[in-house]
Structure formats: C-alpha cells, structure tokens
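The chains carry the letters A, B, C, D and E, assigned in the order they are written, with residues numbered from 1 in each.
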Amino acid sequence: MSFSTFVTDKPGLQKFYEAVLASHETYAPAEKFGKFDFKLVSRISECDPESPIAKTQSIKPLFFPRSAKVMKYVATSAGTDVSEVDEDPLAVKRIIIGAKHCDARSLQVLDKVYNWDYIDTDYQKRRENTVIISTRCDKADTHCFCTSLDYDVENLDAMDVLVVNGAEGKIYLRARTEKGETFLKENFSQQLAVGSEQSEVGSRHSAEEEMKKQYAAFAESFRLKMNYKEVNERLSKIFDTPEFEKVSANCVSCNTCAFICPTCHCFKISDEKVKDTGLRYKSYDSCNNGYFTLMAGGHNPRPAKYRRWRQRAMHKFVYYKERFGENLCVGCGKCTIACPVNISIFEVVNQVASAGIQE
Amino acid sequence: MEAEVKDQLVSIEKPELIAPPDWEPVIMGILCNWCSYAGSDLTGTSRIQYPPNIRIIRVPCSSRVDPWFLIKSLQTTADGVLVSGCHPGDCHYISGNYYARRRFLVTKKLLNFVGFHENRIQFSWVSAAEGPKFAKVVIKVTDDIKKLGPLHLYKKENFEKK
Amino acid sequence: MKKLTYFPGCSAHGTSEEFDSTLKLALKTLDVELEDIPDWNCCGATSAHVMTENLAYALPMRNLVLAEKLENTTMGIACASCYQRMKVTKVHMDENPELAKRINTTVVEEGTYQGTVDVKSMLQYFYEDIGVEPIREKVTKSLAGLKVACYYGCLLTRPKNITKFDSPEYPVSMDQICEALGATATEFDYKTECCGASFSISNTEVVLNLSGQILEMAKESGAHAIVVACPLCQSNLDMRQPDIEKQLGVKYDIPIFYITQLMALAFGYPASQLKFPKHIVPVEGALANIGKIDPEAEKKIKKPIKAVEAESEVE
Amino acid sequence: MARVGVFVCFCGANIAEYLDVPQVVEEVKRIREVKYAVDYKYMCSDPGQGLIRDAIVQHKLTSIVVAACSPRMHEKTFRKALSDAGMNPYLLEVANIREHSSWVHQKNKKAATDKAMDLCRMAVAKSIANEQLHEISVPVTKRALVIGGGIAGIQAALDIADARIPVVLVEKSPSIGGKMAQLDETFPTLDCSQCILTPKMVDVASHPYIELIPYAEVIELQGFVGNYKAKIKKKASYVNFKTCTGCGACWQKCPVKVANEYNLGLDKRKAIYTPFPQAVPNKPVIDAEHCTMLLKGKCGICAKVCQPGAIDYQMQDEVIEREIGAVVVATGYDMWDPTPYEEYGVGRFKDIITSLEFERMVSANGPTNGVPLRPSDGKVPKNVVFIKCIGSRDEAKGIEYCSKICCMYTTKHTILLHHKVHDSHAYVFYMDIRAAGKGYEEFVKKAQTDTAATYLRGRVSKIYKKGDKLMVRGEDAQIGQVVEVEADLVVLATAVSAPKDNPDLARLLGISYDKYGYLSEAHPKLRPVETAKAGIFLAGCTQAPKDIPETVSQASACAAKVCGLFAGDTMKKDPMVSTINIEYCSGCLNCINVCPYTAIVTDEVPIGHGSKELRTVAYINEGVCQGCGSCVAICRSMAINLAGFTDPQIINEIVSI
Amino acid sequence: MNYTKQIQDIAAKLFAEGKIDVFVGYRVNGFDDNQVPALITDPQDVPKLVFTDKSVFNLVNYLKSEHTRRKRVGLVVKGCDSRSLNLMLTESQVKRENLYVIGICCEGVVDETGQKMQNCVECAVPDAVVSDELLGTPMSGSLTLTYRVNADIAKLSEMPLTERAAYFEEVFENCIRCNACRHSCPLCYCAKCCIDQETATLYNGANTTSSAFHALMTWSLHLAGRCVDCRNCEKACPSHLPLHLLHKQNESVIYENFQEHLAGVIPEDRGAFYKYSLKDPDDFIM
C-alpha cells in the first residue's frame, strides 16, 4: 500500500513537533555534558531533533535500557515470593523524534534476535508502543558508512515517519508504516502544511524527485565506502589471521563500543538484595570485557584482546549474518567516536579482510 | 520556611522529598574492637541511655574500615554513618587509626562534595573508658541526622524505608 | 664598604648619645656605613606590648617594612629594647603568615611585609657579621691591663628561641670582643642578672638592690669597669651608682662603658671623642689600668671560657 | 544453603525486661536462612549451652548466632560450646543485644526490640559468610636472646636459663653488670650493690644454658615470633678470651691512660682494661681508639708481657648468627646530660657533679676511695647541696616525666654523705618527695631525722661562685623567700633518660618507641612487658624509668612470657589474620608499607597456571599478623581479606537491615 | 611543540641497536589531524610516529597491556604521563630497566577544538620527571609542593548542597558503566578490579545510577593521592562526564590537609593513603 507524504517548512515542522511534544510522551535528543541523549522531553527548547549524529547517542536505551529490572523477590523462611516489577516506563505509548536512520535500522536488526528462540515481551511491548520519527541526514559524518551496508538507506522502512529536508526550505514528511500513517493523519494538522502539496495528492512526483535528489547528495558525502559482501565473505574465511592482533593493539579493553553500539545486545543478569528483598537486573555487558567469557571453573576462552576483537568483528559481520541474514552493524560510526583511542570498526574489518586478500 | 521544615521533615539533599511522619533515621556505627566497641559496652554497663537509631558493626581496628562500608551503608540502610576508633596514639595496632584518619577525611570531603551533607558521615575517637562520651557522640550524631531528614541520594531501589 | 640598615631608637639621641656616636666611630674603622631607616618610628617598647598586641606588632612592623625598602638584608639596632621588639615581631610574623597579613593591614600604606630583612643587635652584628678576628686586627691601642666585667642584661640573648644568639645564661660574645681589644674579661657570674630597669621609676629601691648586687659581683670578680651594650643597663648602673653606694654603704667606683667606647678607644680614637664626661662615675681611674700588666693576676683570671681537657695522655 | 541457629538470651531480666525477647525470636525466624531460633533465660549457663549443642546436632546447623551480651564477654564461652558439639568455633556470631540495646534503651521497649531484631539480622547475615577457621600453629626455636647485661638482662637470662631454655646474652660493653655495678649502696635497705649483684654476674658466666657474648651488638633481626634470626657483631677485643687468664699484667704495664668510663672520668684507666675489678668476664679488651699500637703501630707492651700470648692486634670484628625464638630487650638507661642548666654554671664550675659521679665517689672502690672530694681542690666538702629534678619534670630544659628514682637515691646520698663526712651538712632542694614503694617513705623519714639534712622545697635559680664557694640561690617556697646556700659541692640529681641508641635498636627490631626514646610496650596496663611485635619483650629502664626491684620483677615477667611462649613445640595463635588471594594481588606492595608488624613480605608466583615466568606478589606471614586489617582496607585490588572480618561478612551486615 | 623528528630518530636508533621490542608513541589517526596511540613493533613503521600538541593520550596506560608486558619498551611521556609512570614504578608494576623513556618538556596539549586542555593550563609539572632522554627545555623549576587550585572545584564547593547534589546526581545518572575511564587510566592495573569482584557485583552489579555512584566513588578514592590529572579518563568517557572533579577534589583535600606533594612527582612516594603524619588534622573527629 502507499502512504501519505506531507510537505511543510521549518516553522511548520517545529510546530508539528511542538504539538507532538505537548500531546504525547515524547523522547528526543537532549543535550547533557556536550552530547545528546534521547530523553523524555516536554518542550522543543529542551531538545534538538536535528542534533549532529556524531554527538548523539543511539536510541537503543529506549528499547534495551542499560539496566532494567526484570523481577523482584522477597525471600523469607516462609518461601520466596517472586513478583513482577513495577510498570515498565518504556512500554507506554510514546513517540521518538529526531532519530537517525541508523537508529531506526538498528531496531530492525535487533528485532531478529529478540524474536528468535525466546520472544522478549518487554522489548516487544516497547517496540509496539513506539512511533519513530526519523530525519534523514543531509551529510555523512567522518565515521559514517551506512550506505555501504546491507540495507537500503534511501528506502528504509524501519521508521514510522520519515522526515526529509528538501530544496528551498521544504520539508517532506512521509509515513513508512501503518502506525506512521495513522499517527501522521491524526497529528499533522493541515494548517502546518505549506503550498498546495499538503497531501499525497498533487505533485507527488516532484516530492519524490526532491527526496531522491537529497539522498543523492547525502550518499555523495560519504568518506567511508566498502563492499560489505566482500567483507562478509573474506572474514568468514580468515578466522586465524594474525591481523586481529595488529588491529586490536590499541584497544584498552573497555566496554564503550558495545555499550554505545545501537546493535550490540549482550547483557548480564545481576541481583541486588537488601534485607529480604531482591531485585534482578538485566544490564549491558560487552564481549570486549576480559571477564565476559570467564567461566566458573576459571577457564577463559578469550583471555587475549585479539580474540575478543575477533569475536566482535566476526559476530557483527559473519555470525549474525549467518544466523539472521543481517549484518550486526548499521554503519553509524558511534563506536569509533566513543572509543578512547578511536579504533574504527570500519577500518578493522576492512584491514583484516584486505589482509585476507594478500594471503 | 523554618516552620515548614519543622512540620514536614525533608531530605536536606533532595528537599522535594518529604519523610513519613514517624520517620526515624538509621545510623550505621562502625566501631573498633579495642577502644570504641569496648567504650560502647561500657555505656551499656553504665546504663547510660542514648537514642536507639544506631546499629553497631564491630571491626578490629578503624583502619579496617574501607570507605566502601560507608558508601554501601549510605546506598542501602543508613541515613548516616558513624565510625569510631581509638584516640590518636592509643591504637591497639600501633598506627591503624592514623591511616584511617586520612582516609576518613578524604572520604568525608568527597561524599560532601558529591552532595551528602557533611553531618551524615561522622567520626569519633572513643576510648574504652569513655562510656559517657560514646553516649554523647551517639546523641549528637542522631540529633544531627534527624535534622537532615531521610537520605534519598543513590539509594538502592529495593531499599524500603522503615 | 659594607652597608648596614640602622635603627637608632630614641635613646640614641638622648641618654645614650655616647653609644650612638662611638658606634659610628667604631664602624668607621671597621668600614661599615650606616643607613638610617627613613622615617623610622618608636619601637613601642615597654608600653605597647603590655597594652595591645596589634600596636606592639604594628609599630615594629612599620620599621621592618620601611627597612625592606633599603637594599641591605640586615638591620642593626643599638638599643636592646628596640632590638627585642623588632626581633620578636619579625620572628612571630615569619612563623605565622596569617598574623603577618592581619598586622600588615594596619601599616598598609608603607607596603607589604616580606620578611626579607634580618634583625640583629649591634653586639650580634659585631660578633657574627664582622667577627672577633677582624676587630682584633683593627686594634691600634691595646687595652691590656684593663679588667672588665661584661654585663649583657636581660634582652640581648633572651628569650633564646627568639634571639637565637649566644647563651641566654652565660653569654661570651662581648667577653671575646673585649679580649680582642686587649682587655681582660673577668669571670663574672652576673652577666644576665636583672638590673631592675623596669622599676627604675616606680620602685627605685628594688633597682638599687639589684643593680647593687651586679656592681658587687663585678667588683668581686676583680673588674675595673663594667662593659655593656644596652642604654638602659648603662644608665641604671652608672646613673644610679651614687644612690646604690649610699643605700648599701659601699664605695664601688666602677665606671660603665659601652662596648663601642672601648672599641673606639682601642681603635685609636682620642678619649676626647668618646664623650666620657657624660658618665656619672668617672672613668679615669679605670682607664689608668691600661698598660699596667700584673702577670700573676693575668694567670689567675685568664682561664679558657670553656675548658677542653685532653682526652688521654701517655706517660 | 546456610542453616543458621539463633539463640536469644534473656540474661535473667537484664535483656528480657527491656525488650520483647519472644518477638525477636519470631522476627528472626522469618529470615530465610534461619532454621532454628529459641530463647532461654541464661544462654551462658550450662543448660543454655546445652541448648546450642543439641540444636547444632538436631538441626544440622551451619552457623550459630547468640543474641546476648557483648561478644567481648562471652564469645569464648560460646565458641567452646560450638567446639564441644563438633562444630568449628568460628562459625559463631554474637549479637550484642544487652550492652547495645536493652541496657541503653531502657525507656523505649519497642525501639529496643526493633534494634535487637536488627542486630540479630546483622549477626545472622554475617554468620552466613563465616568460614571455618583453625588455630594457627607456628613452630618455635627454643632459644632466647637477651639484649643488655644490666640487672634486667641478667635476671631475665638467669630465669629463662633456669627453665632449661638456652639464652644468648649480648652486652655492648666488655662486662655485664650495667649501671647497678656502678652503685655503692642501694635504697631503701642500704645493701651493698656489688655484694648482691656480683654473685648473679658470676652465675651468668657459669650457667650451662647461657651463652654470654660481651663486647657485642645485635645488628640485624629477621623473621617472626618463634623464628627469629639474629646477627650479632662481636667487636674486636684484640684479646683472645680463650687463652687470657685475666692475670692483669697487661693493664698494669700499659702506658696509655684514658678517662675511666666506669668512674665517669673521675680517674683514669689504661688502654687495655677491664671496666672494673669484678668484671664478668674478667678479661681485658683493648680500647682501639686510644691504644698507640693500634693507632700508630708503636708500643706492643701488653703483647710482650702477656704470658699466654692472648694479645692479637690483628683481630677483626666478627659477625655471628643465632637462631632464636624470642627477644628480651634490656638496654637500660642513660643519665641525662645537665648541660642545658647554664644558670647553674654546669660545665664551668668543677664542683658541680652529677649524682652518679657522687655515687662513684662514695663507693669504696671508687676514684676517691669512698670519700667525696671537691673535684676543684680535692678538699672534703662540708656543705653539700643536692638539687633534685635536674631534667625531670622540666618541660623547658629537660623532659616532662618524673624519673622516679631520684628522690630515693638523693635520700640515700644524704645518708652516705653523713656516713662518710660526719661533720657535713646536706641541703636538698626538691619539688616533691615521691617515696612510693615498700619501705621508701620510712627511709626518707629516717634519713631526714638521722642526717638532719635541710630540705628546701623549691627550685634553684642560680649558682654563682664567690671565692671558692658556690653560692646556690633558690626559693624556699614554704617560707616564700629567696634563700642562698654557700656550698662546697653541688650534686645534681640528673634525670633518667632513654638510651640514645634506642631508636636505632627499635628500628632494627621492628618495634616502636615513644617520643623520649623509651621502647613502647604493647599495652600500658595489661601488656607492660610485651611489645607490639610478638616475641619481643621489654625489661627494665629501656621501657621507662624504674628502680631495681621493679626492674627485676619485669625481667622475671619477661622470663615467664618467654617460657610460656616456649611451652610447646609450636605456638598457638588466633586465626583471625589476613590472607592474600594471589590471583587478585596486583603486586603494588602498598600493604607492606602499612603493616605495623612487618608481617607482609614479597613472594614470587607464576604469572599463570603452569607458567614459568614469575611475578611479585605480597605474602602474609600468618604467624606474625595480628589481624588489624590495615592492609585489607588499603588493598585496592581487594586481594586481602581478614578472616573473621571479611568484606562479605561486613557488607552482609550492612545490607541486612 | 613538535618533536616528531627527534622521536622518529630515537625510535629508529633504538630499534637498530636492538634495545627495544616495541615502541609506544603517537600517530595521526587517518581521518583528521587528531592522533591515536601507536604501538610499533616493526622499525618500518617508525616514520608514522609523530609528536605535536595533539599527542594527548597518556601512553603509560599501554604498560599494562599484554602487548608491552615483559617486553623492552620505548615510550614517550609528557609531564603528567611521567608522574603516572613514576607511580607504576613505585608500585612495582613495571621494571625501569625494561623501559626506554623519552621525556617531553610539555607545553600543553589541545583538545579536538584546538583549545589548550584545562589540565595543561593548570599544569604544575610540565616536564617529564622520569626519562632517559629529555626533549625540549625544562620549565618546572622546583617540582615539590606546587599545587594549583582547580577553578571548577572552587565553584562547585561554593554551590549550595542541594544544587551540588543535583549536579552530581546527573553525572552519575549519565554514567553508562562502560568502565572506559578505568581502562584508560594508567594507574588502574589491578588483576581484577574490585568493582568487578563478587563482593561488589553482588550489591552493585547492575548499571544503575546507584551503582555508578558506588563505582565512581570507589574508583576516585582508589586514585586519591595518586591521580596525576592526565585526563585520560575524561577524554575516554563516552558520556563526557566531568570525572576530573572527583580527582581534583581529593587532590585539593589531600594537599590542603596533609601537605603532600603532587602524586608521582617524588620517586618512591606511594601517595597520601599509604602513610600518615601525627600532625594530620583531627578537628573533624569528635
């Protein structure tokens, strides 16, 4: 089916956002300590939907928070009472504005793992109740490489509403899902629209053209380009290459890349018990952590840094692909920016893959 | 303003949070075995009365007290902590309380810096003979912390206020 | 030519004028030029420090601050009382920068106190900065034959932790200078005994007794004269000597010299320049001993001040 | 899962009256790990302990909590009850609900009950993390080292040796005897000092269990209680003690005269000498600083006259090693140097002497053959002024403490003066007369009556010379006037001060010393002869000034401590000590820095499983560790834990309420 | 400040003489003019080495890495870096004989925006205190007891308690517990960090604000008297948290109350918590 497209301008979009903020529980990039995080906001002045990609954290925490309560128990001599935790604050009806395409895409990737052998109901609920409004970037950042990966950025349908900046200050809003369609219809009032192209009718053609043009310019701006298929293939063959040792030399073994990554989804379970009451939490964990694979008996299959890096690269570009058919990477480059020593996943996989060629 | 505070006990660090009317603070007291614990025993044998808010943990020496204990107490049960050891020069283990003294000062100042009222973290030297002093210390600490109201900063979520 | 910042103090222009003028003669020979502190003020002695702490510190501090503007690093003070006030202030200020800052606010116009100028009594200056040997070298007219008892009084070496100079109980610096001049310093146990100066006006009888004992002991030690380095000591022992003699019924006839008078004399200045007529007790009798050397007495009195015995001996 | 039994005591009415014991039991029963909880009237009684013993067996309990009085009171009792039931005694925790709750909250039963519940919860939580601990046993070397051969060292050595334990007695000077050998008669009985001391000195020399090493110093002590290794430097004596017969030909002929230390320089000795006629061992040594043969290579008379050929100018210092299990330090004291009293003319006036000099003068074998003489002119003094508290109780010039013995020895001196110079008169300037001791006050009273000495209460302000007399000016505070005494001789009762080498010795032994330099005891009241370092004990004035009877008592106490330590082949020790998890130890060695007992040393371990490469980690010697936990709290890696007070135990306590 | 040439020469010489197995320096990161650490084992890579005012990272951090452990290492250190090296040496973490240290008399480094870093503006010890070879002109003079008050600390200390509590709550809330701070810190070399040990994870294992508070408090107390203010942690923090505040606060307390030297300036000085003075303040204790 086809979805509506609306046209507006900067003030119009601003007013639209304000209306959304006023009427819905809305998450948007809000600045704190010089970086943007998706926070619950109520006024447009508190947030910046156009936040720069390099300084904006992903929307992963809104679906997979860095620490979530999974259960509560009271243990006494009478037995152990297990109870559900209080209502999940992330499972209410909500809107996300200012999400980037890579953010939206990451959910598509994560959906696979969360709907695999075990259906994560918490995740499901959060997903279902969220409308994602995603603005297409105008320019790629130094570390972006989304266009080089296995998804069609231009025709991405991972968001519910797509926002594209057109020429002459025009802004196009297009629904990409049914949820988005309903949402737009309900919330985008006619007064906000400019010109005659306020609905799907009229010069739909010209909107299509403009959006294509915008994408072409955007795609042009990428510094990093690669052939993901080649990388997938080569990596799968060179498990034992010493190149991993070289690329991982600088790594300080912190967890930053994984915590920041919109697709990394490893977690640990921990209990915190005070008096008789315990809370069980599910929190981020990272394969770059030396203790990630430490077993109870003391054995650690990945004690060395290069093995952990191999796991990270392989999981992203080989194993996940094999199992779910997707790369576990959306090319956002956030890990490179966050890394204390700026190790780039792009460089790592390309360097290792090209070393494969030389051999 | 003054009157309001009297009517409703609020947390000094988070004034928007109001304590239940029957709120009583919990104070974690960490005492060294040789002087302060013995001193607190003497308070008992002398039947000197003091407020019942303190919960006492025995350690061999004030130098055994890791700042962890204070942080963890404040994170969970305690509205304030009191650490007590031997007077300078009286340490059963020669120099333990001197090392402890440095750690205490830095810990206290750091916790105060990040938002805890300084009276929530208190220290005393109480000798084995100072039963009355121990009671005085507990009375003062309890009084101080009652004035500060319940502690809410960084509390564990499953911690239930009494 | 060396330069020395000089704080004359009030008595230098009054009762102890002869101290001041002979000091300048002696220093001329020793090649030292005095630079008066410009616009110096009262040290506050005896009155200020019993009244208010602030004033007692502020008065000397003003002088210290002014002295810091001169280039010299040492300030010499003739009067023991002035020396005492100045030194106490300096030591306390240096020990307690907070106090210094507070006191400084009173004399803020003169400048900031830095603590760069050291304070010394003239005796200390002679002994430490010039040295006994250079003094000995300048002697042209030896005082051999003259036996003197060196009287230091209470302020030049005490309190020990303030002055940090010589011994508070049995000082020897002046004795050594006198010996360098050729005179003989007698073994005198009353070197730092109280002369009663503070009661000079209020309870003269006490002063007569105390000062009388000093004279008595000096005579006992065989001295012809007493040497001092403090104006108040001089005036008490000299001016009151007739009263003392009357009270105790003894005739002492011991003139009281300033150390600088003897120095100037030994350095060859004529007696006419030394203002001896200002003395109450005539000096001529004592000075007549110069040149008369009694070998027996010499042997008996001149003992090493600190005996060092040979550790071992071989038969 | 842990199975905890909780036993709540009524303590008669002591606990039960002020808090609701059954309610505490009910609350405790709610705790998941608690499988059994009961109250009883007197838990410490035999039936009470029986309850515990039975419950341990019946309910298969894994740890026990007794809620009763302070653990400082009955912890041992209940541990024993656990032992009796076959349970490890360290699985016990005591909740102090009496001293910490019922007795201090007598007016608020509810609050007291609530608090007792919390204290029980804390104890239960801690007990869950308790581990089985076992008494530590350390093998001991049954040989004692005594440092110092004064009366303290002699007494300690003899007492230990009499228990058939080998003793190594090290004395710095050529002879044992110490200060007591310099004394004439002793207060309050006026026994002749030499007469009572010399038999003991001879006993030491001939005792089969005592190895006497004179003219030697301890230069190193390593190891820990029961297992020390001492290095002892024997100074070159240049005389072969084995061949020397002690005939004395050498020192009679020696041409070099040196001030005699034994007589405080009042007369001369030779460069080859025995310190005094009754010296033990009675063998001479050569004073290398003054012997012309050793200094300039000229002389050699002693070697010529020595018939057995015992003189050996080539002799070198020798370092020997002894393995020992315990150390008794008895280095005695120094007389305080009165030089700071410049107003008295100390150093200028020859006729001012110290009390020990007076002691030597009146001693029959002293430099003046027992008659006090003025050093200046050798005349017999008639008026003698004794000034007490020279250095003692004087913060400005001396030391703050009272030297304890001066009052008594000055009293003795007035008597001795009276005996030796019948027409003399003694004046005593004093601050107080402190005569606390058996027969002491009587002694003072008798002396005052017999000698008719003039006692003047007040300080001396000045001494000056008038003719050949010393004028002593002081205050008589009782009449409030300045007095002047014309003295022929002034005797200064100088203070007792710590040996100046004590700080060095303390560092060498790893023990502490106070601001005056006296070695510190482990506890001023209850452990007065032990140091903080296990196996090192203190006897005599090296710990604080004391008189001879006290010194001897302390020496014997040391001996008893040493014998106790050596009673078994191994030493038993509380297992509450720190242990290191070397896996977590990062080897920063900060713990070594803070350990007051030098219980931590370095160790090398393989870097990984089966690896040959080594890394340095800390190692705690459990024999030495006293369990203070300083190292635990400073260990950033949390690699150290203190048994009985582990992090899990304490944190369990914190989060349990 | 540009020592690229000198460092390349020295590195080449060290490799040629066989004195080192690995050289730890800086290289340009490959996408802008900022620099990243370079661990060089192949002499051919020496020309990649650079050193300018963009050489920010404290390379001493790599002495705890498996790439340098038990190897002979050539290392470039600035003033602050050298202080952390001094502490590593004192705490027996590295052996001096295995190191060849190129010390820099550092004129200060700049952040991404080209601004001189705050710690460099406040720097009291710009010259390397440990080195085999010192590049540049020394400028520190007397190093002992120089201490400069941090403006942020002064400002925050004056803030009302409530506001300060709110400020720090936001800090701890924004901490994602990635531990980048700790891993970037050269002085966090423990075999297993206490925060990862069971004793801690049992009660502070989740990534909650409370746990972040616990972790950062513990961390800053473990660095109290040791932190050399290199700001590796702050630069590594993906949440841009003002971590230096915690360290600077401890430093100011230690300096003002115990009159200790700056951390790592004096060889064999272990820091304030591992010694004591009888004169330490006692007035805060009842």
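By our rule, a residue touches a chain if its C-beta (ideal position, glycine included) is under 8 Å from a C-beta of that chain, and two chains touch if they have at least 3 such contacts.
A quick note: this is a predicted structure, and the numbers were derived from the prediction, not measured.
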Separation of subunit C from subunit A in steps, with touching chains one step apart: 2
Smallest count of steps, each to a touching chain, taking subunit B to subunit D: 1
Chain separated most widely from subunit A, comparing mean CA positions: C
Pair joined by more contacting C-beta pairs (A-B or B-E): B-E
Centroid comparison with subunit E (C-alpha atoms), farthest chain: C
Distance between chain centroids, defined by C-alpha means - subunit A, subunit E (Å): 33
Gap in Å, rounded to a whole number, between the CA centres of subunit D and subunit A: 72
Subunit C and subunit D, separation of their C-alpha mean positions in angstrom: 51
Intercentroid distance (Cα basis), subunit E paired with subunit D, Å: 47
Residues of subunit D whose C-beta touches two or more other chains: 594, 634, 647, 651, 655, 657
Junction residues of subunit B - those touching two or more other chains: 68, 72, 76-77, 95, 99, 103, 156-157
Where subunit A touches two or more other chains, by residue: 272-275, 279
Pairwise chain contacts, counting only pairs that touch as defined: A-B, A-D, A-E, B-D, B-E, C-D, D-E
Subunit E to subunit A touching residues, read off their complex: 29-32, 34, 36-39, 57, 61, 65-67, 170-171, 174, 176-180, 182-184, 192, 196, 201-208, 211, 232, 235-236, 238-242
Touching residues on subunit C, where the partner in the complex is subunit D: 167-170, 187, 189-190, 193, 217, 220, 306, 311-315
Subunit A to subunit B touching residues, read off their complex: 69, 72, 272-275, 277-279
Sites on subunit D touched by subunit E in the complex: 583-590, 593-594, 613, 616, 634, 636-639, 647-648, 651, 655
Subunit C contact footprint on subunit D (complex, rising order): 255-259, 271, 290, 292, 342-343, 345, 347-348, 462, 464-466
